[in-house]
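Each of the next two complexes has chain A plus one more chain, namely chain B in the first and chain C in the second.
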Partner chain A sequence: MSPASRTVPGGRAAARIAQWAMVGAVVVIGVLFPQVYGQDFYAVTIATECIVYALITISLNLLVGYGGQISLGQAGLVAIGGYAGAYILEKVPSLPFPVELAFAAVLTTIAGLILGLPTGRLRGHYLAVVTLGLGVAIPQIALNLTSITNGRTGLIVNPASIGSLALASPVAIYYMCFVVTCLSVIAIHSLLKTRTGRAFMAVRDSEQAAAAMGINVQRTKITLFAVSAFFAGIGGDLFGHLQNLVAPGAFPFSLSLFFLAAVIVGGSASLPGSVIGAILLVLADTQTTSLPGFEPVVVGGVVVLVLLIIPGGLAAVPATLMRLRSRQGRRRARTGSLASGAGD
Partner chain B sequence: MQTFAQYLLGSVGFGGIYALAALGLVLIFKTSGVVNFAFGALASLSTMILWAGIHRLHVSVGIAWVIAVVAALIIGGLCEVLLLERLRRAPITIQIVLTLGLLLLIEGISGLVWGYTPKGIPLVIGGKSIGGNGFFIARDDIFIVALTLVVALVMTVVFQRSRIGLGMRAVAADRETAALMGVPVRRYVLASWSIGVMITSLSAFLVAPKVSLSPTMMEDIAVFAFAAAVLGGFGSLVGAVVGGFVVGIAANLIAGYLSTNYQLTLVFVLIVVVLYLRPNGLFGRAAVARQ
Partner chain C sequence: MLEVRGLKLAFGGVQAIDGLDFTVPDGTVTALIGANGAGKTSVLNVLSRFYQPQAGTVVYNGTDLLRLRAHKLVHAGVGRSFQNVALFQELPVLDNLLVGADHLGRTGLLRNTLRTPGARRHERRARERAERVMEFLEITDLRHRRAGDLSFGDRKLVDMGRALTSGPSLLLLDEPASGMAESQRDWLGQVIRRIPDEFGASVLLIDHDMGLVLGVSASVVVMDFGRKIAEGDPDAVRRDERVIAAYLGED
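After this line comes the complex of A and B, so read on.
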């Protein structure tokens, strides 16, 4: 279950520079994108979708890649965030965006805590079925709890506002999602370097060893679920603004699978990987809508092909190339899989 | 009491279908360690072939069944040879996501070839329901239950009593050691994929007359069957059968007495409660995590 290794022995300084260059490039492209394509609302909306999906994929990667827990119900958490944001905005239309976002995040975190409670006892497939249950149940509850969710029609999501500024245009929504996602990624990146973040990975690698090191395994897992849900809730709120509508049909089981596929195609336990995986799958999905019926074929085909060619996901490409170059001779003898750490 | 009994009788058909679908899922998991999430889509594909046999080749329903069963065996084998075998050494999550990709791919391809308009498949055994005094059971449901029990019995006997079953259990217990002992591991894994997809396809052939046939027909069934397999302990054949009937009966009782709106939700609440009390399912053994 261990992820593809991210550090390359030797050339660590070079790798750091490359990393910062990449982060810089992403931020510059992200800031400039609407300046270039601002007139093309379709392109801006797709770009926003990529950003929001990237954040949700990262929230799931926390759980799957860094925490070693499986989840088939991330769309359920996203739905809670989306509905929470839409509901509170409907009640208090002038609510500042940060408050709305915090409300959505906190409510989703509570759901995540509840979901995390049985994980002390459940793992593997049993956990998969519990999370699957959440993913299936939330849209059904949303469909039937009409007094809050307005049933099948769903809730219209009012534009977010900060003071007198309404974030309604596609470009404004783009920047809103971009800023929130960047801040979230920074927070997640920092969190992973703290004691708690390292505890996630220790529990993933071996629960027994982690417990022996004095880590409270159950509390760590519950924290992990809560943190993942927190960011899924933020993603869900942005998702609602992106779609202008939250409805039960917008959060099918297949959406949860989509996020899981994005995590694995990008590379588990890799933040850049999740971004790339989400962008690749969103583009595969949106660019084929003009060919009705080809969407699932293209998305499924991309997933299958990427995994067959690079089982470690796209994030494993640089590491794989470097390792191939540096120890080609030795590797030829060990015809193991490309995914390093596959045998852990 | 009478309504209760009638709800029970009315639920055995779907119970059998979930059980049969779960058996195919569990068989593949037992030997290859992979949860094949594409199982529903693959079974729908076989059912499309059954439909094409009846409506395009104009053969009789029986012959169409034979063609579709053979096709299902081939489809299962191809999945293993072309896809899973190549990722045999990859971590299990990657193999699971591979089957998710396959799920989309297969659904998409059947959609392109046959379209999404619902299609009809004839019942295996039609005719009036049997019973009286307010208790009725459809002939078709009796056939479903009988077929499920026969398949489960044959599988259990093969697993526990034959040399093939011994080999399969050896592969399930430890693939490397089994290979060193001269067990033809590749052949057994291939066979389990082939037969597993075929058994799930049987459940799809049986459910198609009840709900109409489309590439996504098995999505809901697959969710229930997956839950049934987990409830039974994921890896136990008896557990899969019992889990299938428990899920089928629970779903029907919930719909009858509580609410159809929250049917799916309450079934999952029930499963979570059961799993909380018995973390390894009803028939699972508290084994060390399989890696």
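After this line comes the complex of A and C, so read on.
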């Protein structure tokens, strides 16, 4: 055993402080944003969109990044959440928001469970096709299930309410989405640090070793799909409130790809990465509204650009910088010692 | 005690294991040796339920292991390491070991998300186990390193550590010394010999490094072409003519 060959890279405490500082900054900016831009409804709506998309991207990252499964149909789950929330609000307009949210989440979780059952045995391309099928089928079902979904026109989403407080203004919707997303991220972060989260990642890295350590691989995958769907459902409900409307056209296949792109651009298996990836792509997307038809080109361009420069996604930027700096430091040390050697 | 009787395993026309009998008594290190292709790892993969044998029985302390699914073995007290190390390579070393201890936890999704006292208690206990194993294997300083970044020798130690953290009463080690430097092998031999006393586990050691095996094991089973050709204490095996002919080379 030579301890010298396995020195631990230092600065873990510093990295942790930096992490907390970053989280603090994000929360402060999130809380203060409407205070500064509250009059600019467009800005607030875009910011809300960033928040909702970030949550949905995280729900997909659970599946793709942490669980090693592929999904091309996350928009389908988002649609289920959106329709569930809109439908229950239509029936019971005074329903408290948390109940409405729970209803949407539970219904989407059931859909995720059903999706997870066969996918416990499927992987790779096969899984991609099955999830793609789900993503394409859900809007079609919504289109034809007119008694519940009102067909092509869709459902108007009534404002959420808590007691007598109606969350109807853009700023109210913003805060509603912000709080729900923050709580969801805390829950996910917490879950990932426990044996359930470790089981997700263990199955991702080696199914055989995971089984040898007592992990029921198939059940773990189904759980993963259910958890991902739960948060996609929450995101879907918020998505409905953000749009004021859920209709089949709001959940195209390209939306699923958008979330997948956000996961990859942000960096797989990184919660901050998903937040940054979602924000970046939403902002890129809003810049293209003057160029109708070019949205996918711009979003695709951003994806390619980021991956060319940082293959690990934006979450890998600090590590990449650190590696560059240490390499530079080493080079400097080497040239320094050479110089002093020459001086002798 | 692990009792293997009449074990047969064939892949197509190739008889990988051909009527193998052996036992691993409690509290000892037993070695299973043989040249490459003798069928050692196949035996281990049968014992850990990755392969289904065509015939034979595998009974551990009264439990018929062949009736269990792979992920239930660890609950029966059987832990294993992998010849080609199958670590959770994106996870830090500590988390690799924690996964080993995770089957001891009883908290589910909800309690874990809410971090109830039960969930936290499991985390604490798992950490204590992992710390003890890391200290035993002298890998404590690797704790925060990503497992995939380690040298092959260190990865083998983490693999073994993960199996040890699962708290087995029978530990199956698949070529733990391969990829290690000579000096490290001697150290590892001593470590393996201490496992029964330190962790209360018997060990089935598979290796082709004779020096390691003969120095560590109380008894040795020698395989050749899927059959057992010798069994006994290291000295007897060393002198066995068939073993010399088949495996040690005639010199």
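FYI, the second predicted complex is superposed on the first by the 315 of 344 C-alpha atoms of A that agree within 3 Å, B and C clash if a C-alpha of one lies under 4 Å from a C-alpha of the other, contacts with A are read in each partner's own complex, and residues count from 1 in each chain.
The rule is simple: contacts are C-beta pairs under 8 Å (C-beta built on N, C-alpha and C of every residue); 3 or more make two chains touch, one makes a residue touch a chain.
No experiment lies behind these values; they were computed from the predicted model shown.
> Return first, second, both or neither, reflecting whether A:163 touches chain B, chain C, both chains, or no partner chain.
A:163 sits against neither chain B nor chain C.
> Counting touched residues of chain A, say whether chain B or chain C comes out ahead.
Chain A has more residues touched by B than by the other partner.
> Can A:123 be said to touch chain B (first), chain C (second), both, or neither?
Touch status of A:123: first partner only.
> So which positions on chain A get touched by both chain B and chain C?
1
> Can you list the chain A residues touching chain B in their complex?
It is residues 1-2, 64, 70, 118, 121-126, 128-130, 132-134, 136-137, 140-141, 143-144, 253-254, 257, 260-261, 264-265, 268, 293-304, 307-308, 311-313, 336-337, 339, 342-343 of chain A that touch chain B.
> Would you mind writing out the residues of chain B in touch with chain A in their complex?
35, 37, 83, 86-87, 89-94, 96-98, 100-109, 111-112, 219, 223, 226-227, 230-231, 234, 261-262, 264-265, 268-269, 271-272, 275-276, 279-281, 289-291
> Residue numbers of chain C touching chain A in their complex, please.
48, 50, 70-75, 79-80, 82, 86-91, 95, 98-100, 102-103, 105, 107-109, 112-115, 119, 122-123, 126, 138, 141-145, 150-151, 154, 162-163, 166, 184, 187
> Under the touch definition given earlier, write down the residues of chain A that touch chain C in their complex.
Listed in rising order, the residues of chain A that touch chain C are 1, 3, 5-8, 12, 187, 190-191, 194-199, 201-202, 204-206, 208-217, 223, 227, 269.
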